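Given below, in the form of structure tokens, are the structures.
Heads up, the next two complexes both have subunit A, just with different partners, subunit B and then subunit C.
Up next, the complex of A and B:
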């Protein structure tokens, strides 16, 4: 039954392609189009869900062999990437769970997004996202996992900027994507190091080799992947992106940040359990970051006044607890926690818009007296511990400042050193213009040598060489030798004329002929 | 080396030249345009046939043709391709067609001359990619200059276009001097090594020069000269200043050719490293440091650009830096990734440049301050722009991803610091592309001029469709490209690693 794993991410991908092409050529608009699109999207994810459940059943009955490969995607020397799917264990559980949640959310969106302007775009994104997430959890290869990881991140960008005419939404989307890109860099670094040290990029082979890696090596690899996981699962110091990401439509928030994508980081850690167990330092990092995020999210969550923000901090807090559990070695617990959290949070975020109906009239439970009296904590909490301004101050602005400085450096130093040809608009194009210029400036300080301008190192070099040669020409050749040459020429001319006049006299002519004959005779 | 039965490479080089002459002779402008386009299409067909004839399992040069040319100096007419160069031929032919189509209506004066020059340029470019004799290569290398000079100077869109054309030409000539010197040293060395005499025993053909041993001190000199000559064209910092100027002042489709055809990097790959292998291994750190500096420098400046064309020019500089880092890693992944990325440039960087041209043609500006909210007015243009932008910073699914992944893996396995620089470049890449996308395409429509813009026409849609399809195909099936250059890359690498100290 292993081959079924291929179809799980394939159906939503085909649906996304179909909707995308239809959107590009402006087909399927109006209510009829809406029905086609929603049917395609729901049908595709239903198929995936059905197959994922069959695969899970087969696995529980012990009918799966463990992995299924459909061939090589990319190969360069020993760096070979095969498209492999894992068909047993936790991966099948997660792909079944996620496909069910995705089905629920996509079905929910059909009514929720009815007659919205970006209906097609929304379902394109959601289908692509479903495909990417299902690839992420079922892939047997680190690089294909990364492909799913990155495309899910891209879909998140597209859905945060869903209302792209609102500047705040697009600023947040860009910020979220670039923040996640830092985590992606950690992921790629992890891939590179795994290939370099372990010589493999398959999950199974890497985990099997974990025992043979030295502890520092395992620590470095684990820390790289941990960075990626912290960024994707909104752990400290990356937590603020989650609040920014809540811009998108509610169903997308539910599926991205409540149920599915936010857990990708945690999933990555669980996949790398053997490597982490080999690296005590990385386990400590998980404990510290997980605990800090849990405390931070709890504190900040206390002062949130809208539903989505409270959920957002509750989510990062729960994920912090999961990281803590992993760090302490309770891997099974973390795995169960992930599934349970995904289900409950999906329900919560989907129903967030109608929450007021259910809680209206209920009194708000106040926090305990001891915490209320901590004024500084209140301020810190309401400011979310200034994480965003700190990141701005320490990373974004210095980089932009450096860019600005380099830009100036490029224009005023490098470009000038390398030189630019004189602008034709400033150059003199006719002799009349030159005359005018000479007349307009006083004769004495107009230097005719200024005609040729050079810029840049090479340009200045040639200008100076030309000046020296020009001076040489003017002083030595024209003024020094020049006048004498005319005199000498005159004298030579006179001498030649005299000689010719003498020659033309008959006696000298006869003498000349005799001399010639004499010379001829002696030979 | 295996000789060709049929002189297909010569035809590929000469056909566009003939097309240029015919285009120039025909009186009627519209007919001339159609003739030029059909020549360009036929050229593409021929290059595709050449790829079909090419056998990727042979490491050496194939489809070679050899004629005596200047017998006094032993200069030959020697052309041939290997796995590194073959794919550049169809892509440059495709780029010529795309450039023609995109300038179909925007060029209004001296139209025949313009199209003839584009064909002449394609001829010289095909020559650069196939020439195996150093003098012949140098000839084609310099022959690319006059078309670019006129194309930038006569049909540029900025007020300083003449200056930009002059700047480009002067920079390239400066690089050419270094190349010529290196070529003379190489050929004189051959005569000395075989105890021959100087005009009779000179040799300029690449296969012979690759076999000739070169003394160590000369290797250093030759490597640095060739590196300088090619670095100007690549361009590497600090010799890059002509590119932003040419991109801002020149016409968009010429800027697309300049950013799409990376002749300089090809030169480093084909000549600079293999001809001086010991020096190349010894000085590969110079190459990688220059590459890393270029990568970060270009990325940071791109972050500050307010004009789309300036942004794309600096992004192109930054990408060249990444390719240099990958080449200098001297690993299989690095070199294959670098070749892949060079092919990507012809599709991605040039298409982005053409899109900037479409915007400029409609609005008269590509400054971010004049744009804003274009995605709602021109969804198709926005879609293509976004797709190519994603490919340019290597999002999976596009051909940018496998190339970038291979380059980063190559850099990481040779030197972790360089890999880190490459990763920082990848983060910067996302930052500058997306922040410009946000300013230009998203947000509310502020200017009425933007509101009146028309979306892509059928012609523009068609010419963007081909590269878009190709980057998706190469993104899904990267092995199609990697298999073609695999054997040649192995041979290339073997040559350098056997000389490693």
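Up next, the complex of A and C:
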């Protein structure tokens, strides 16, 4: 039954392709189009869900061999990436669970997104995300997991900026994406180090080799992957991105940050259990970060006044607990915690918009007496411990400043030395500029003197060399050889003609005869 | 009668039929000429089909003795080096005829001259006997002289005279070299290429040096190699555009073709010249590129860019390794397509606006979108953008050159950079910018012109994305030549 694993990510991918191509050619609009799109998306994820459940059943009955390979994707010397799928154990459980949750959320979105402007876009993203996520949990090697990981991150970016006409949404989307890229750097480094030290990038092989790795090696690899996991699962210090990500439509928030994608980091840690167990320092890091995140999220969550924000700190807090459990060695517990949390949170976030109706009349519970008077804690909580401003101050602004300085350097030094790529006077991008251009061209004849001119030192050098060569060509090659040789030929011809004419005159003829006779006589 | 002599005689039949047609029936003359070039094109397509790619030696050999006393023979044959050129010659002749519908004076003699030119070009690439080769080589001169001098631009007389003097001057040296080799031939044994390449081995190396120099001058004028290119800008600019297509597309390749044959014939001497040749090649590339950058006349720009691109071919030949010579063939085909397309498009533009000064143009994309598409792809190919056939050829040049000379190939990179500078500037100046009132009423390409230019542009793009058939066509011949060269050099 192993081969079934291939189809789990495949169906949503096909659905996404279909919807995407339809969107590209502007088909499937209107209510009829909505019906087609939603049917396709729901049908695809239903198939995946069905297959995932069969695969899970087969695994429980012991009919799966463990992995299924469909061939090599990339090979360079000893570095080979095979597309393999894991068909046993926790991966099948997760792919079954996630596909069920994805099915629920996609079905929920059909009504929720009805007649929204970005209906096609939304379902394209959601299907693509479903495919990526199912690839992530079922893939047998780190690189294909990373592919799923990245596509999921991209879909998250696209859905946060779903309302891209609102500046806040796009700013938040960019911020979230960039924060996640810090984790991706750790992931890529982790892949590289695993290949370098262990010589493999297959999950099974890597974990089997864990015992042979030295402790520092295992620690470095584990810390790299831990960074990726912290970023993806919104652990400290990356937690603030989660609150920004709640910008997207509710179903996408539910599936990305409630149920599925937020757990990808935790999943990564669980996959690497043997490596982490080999690296005590990395385990400590899990404990510290998990615990700190749990405390932080609890404290900040106390002062939140809207449903989505409260949920988002509850989510990061629960994930913090999972990391803590892993760090303490309760791997089984963390795995169960993940599944349970995914189910509960999916339901909670989906119902968030109607929560206010359901709880109307219920009094809000006050916080406990012990911390109610701690004012500094209140301020810190309401400011979310200033994590965003700190990140701004320490990372964003210095980088922006550096960028500005480099831009100045570019304009004032590099451009002057090397010349600007094109004369800006001819580059026209807008209609207004065009009008302006027409006005200015009628006034001054700017073109004639500008031809064949470069700017900057390199450009000037270029120009002067070209000038010298042009003179050479004009004077020597064209004039000298081309014209002058013809002239010389003409002159020689004239001379020969003159000589001939002179020769034919009687006096020279007679003289010639005399000379001949003279020579003959001397013989 | 074999397929090669059938192919070669097709233009001759065309000339005979046209000669009997009354000169005032212009449409009939045009369609007859097109018919015969199409037959030739069809025959060369058929030749491509039946050609055996796995055999690198000469195929479809035909031979009968012309002059028993001297031993000269009428010997034809085709291999992986000449077959692409034969096909290109027939293709570009058809394209040139499609692009010459605006020729309205002396239509009959124009078409006869073009067919005569096709006869000469095909003969050069098919001939397997040096004397036959020389006859066809000289035969191309007279129709070209007439075509430039009668239908050319303002300075056509000086241009045609210049062209003929240069080429004749060069071919004298070639003739002397051929005579020098024939001294070492047995009596009455003729001038077959194969037997002459055996005879040349018994020549002392001091004499071989001068013989090879003669060949370089002879073929170098035609190619043209850097200091011998004086005829080219004038002839290209003044020639009518169908003739510019043939001139740059095929006639320049005759020089390169001859040079490759000579390098394979006497590799030891060629090795002596390797250094000077690569120097001339790199110099010519940069020289041509810089001058093209300076030209405000569109046709002159294309002409100088031809000098630059033919420098790449010379560099390829001078590497004398497998990749390099493969690159030479690819660049010959690529430049045939690119320069042909470019001259045709520039010519069509000139017919509409009667100005070749690039500063007069602006924002053409709004009135001539189809022209803009074809011209842009062609210019991209000229600068060697990946996805076009120019890239494949330049890649071979860089790889082959790097194997031989290493970091010197930075200069090749520089010339590519210069090439993209003028190509991008041309695109910018032709198609963007403010709308000028005199450029608002230009007609876009007509159906025949689209047909002609899309054949070339499709070739550029298709072989750029999928170069394997082009490479496979010449690969076994390349292996054979490379084996000969490396055996002789040991």
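Basically, the second predicted complex is superposed on the first by the 412 of 523 C-alpha atoms of A that agree within 3 Å, B and C clash if a C-alpha of one lies under 4 Å from a C-alpha of the other, contacts with A are read in each partner's own complex, and residues count from 1 in each chain.
Assume a contact is a pair of C-beta atoms (placed from the backbone, for glycine too) under 8 Å apart; a residue touches a chain by one contact, two chains touch by 3 or more.
A quick note: this is a predicted structure, and the numbers were derived from the prediction, not measured.
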Request  = For A:29, decide between first (touching subunit B), second (touching subunit C), both and neither.
outcome  = neither
Key: Which partner, subunit B or subunit C, touches more subunit A residues   = B
Ask   = Regarding the shared-chain residue A:400, is it in contact with subunit B (first), subunit C (second), both, or neither?
value = first
Query = For A:462, is the partner it touches subunit B (first), subunit C (second), both, or none of the two (neither)?
reply = second
Message = Looking at A:473, would you say it contacts subunit B, subunit C, both, or neither? Reply first, second, both or neither.
response = second
Request  = Considering only touches as defined above, state whether A:383 meets subunit B (first), subunit C (second), both or neither.
outcome  = neither
Task = Kindly classify A:164 by the partners it touches after superposition: subunit B alone (first), subunit C alone (second), both, or neither?
result = first
Task = Determine, under the contact definition given at the top, whether A:485 touches first (subunit B), second (subunit C), both, or neither.
result = second
Task = Examine A:498 and indicate which partner it touches, taking first as subunit B and second as subunit C; both and neither are also allowed.
result = neither
Key: Residues of subunit A contacting subunit B in one complex and subunit C in the other   = 422
Key: subunit A contact footprint on subunit C (complex, rising order)   = 158, 161-162, 165, 227, 229-231, 233-234, 287, 290-291, 293-294, 296, 359, 418, 424-425, 428-429, 432-435
Ask   = Inside the complex, what are the residues of subunit A that reach subunit B?
value = 24, 72-77, 79, 143, 146-147, 150-151, 154, 157, 161, 164-167, 170-171, 173-174, 177-178, 181-182, 184-185, 188-189, 191-193, 195-196, 399-400, 402-404, 406-407, 410, 414-415, 417-425, 458
Ask   = Which of the residues in subunit B come into contact with subunit A in the complex?
value = 159-160, 162-163, 166-167, 170-171, 174, 237-239, 241-242, 245, 297, 300-301, 303-305, 331-333, 336-337, 373, 375-376, 380, 383, 390, 395-397, 401-402, 405-406, 408-409, 412-413, 419-420, 423-424, 426-427, 430-431, 434-435, 437-438, 441-445, 477-479, 482, 486
Inquiry  = Going by the contact rule set out above, which residues of subunit A touch subunit C in the complex?
reply    = 422, 426-428, 434, 437-438, 441, 447-448, 451-452, 462, 465-467, 469-470, 473, 477-478, 481-483, 485-486
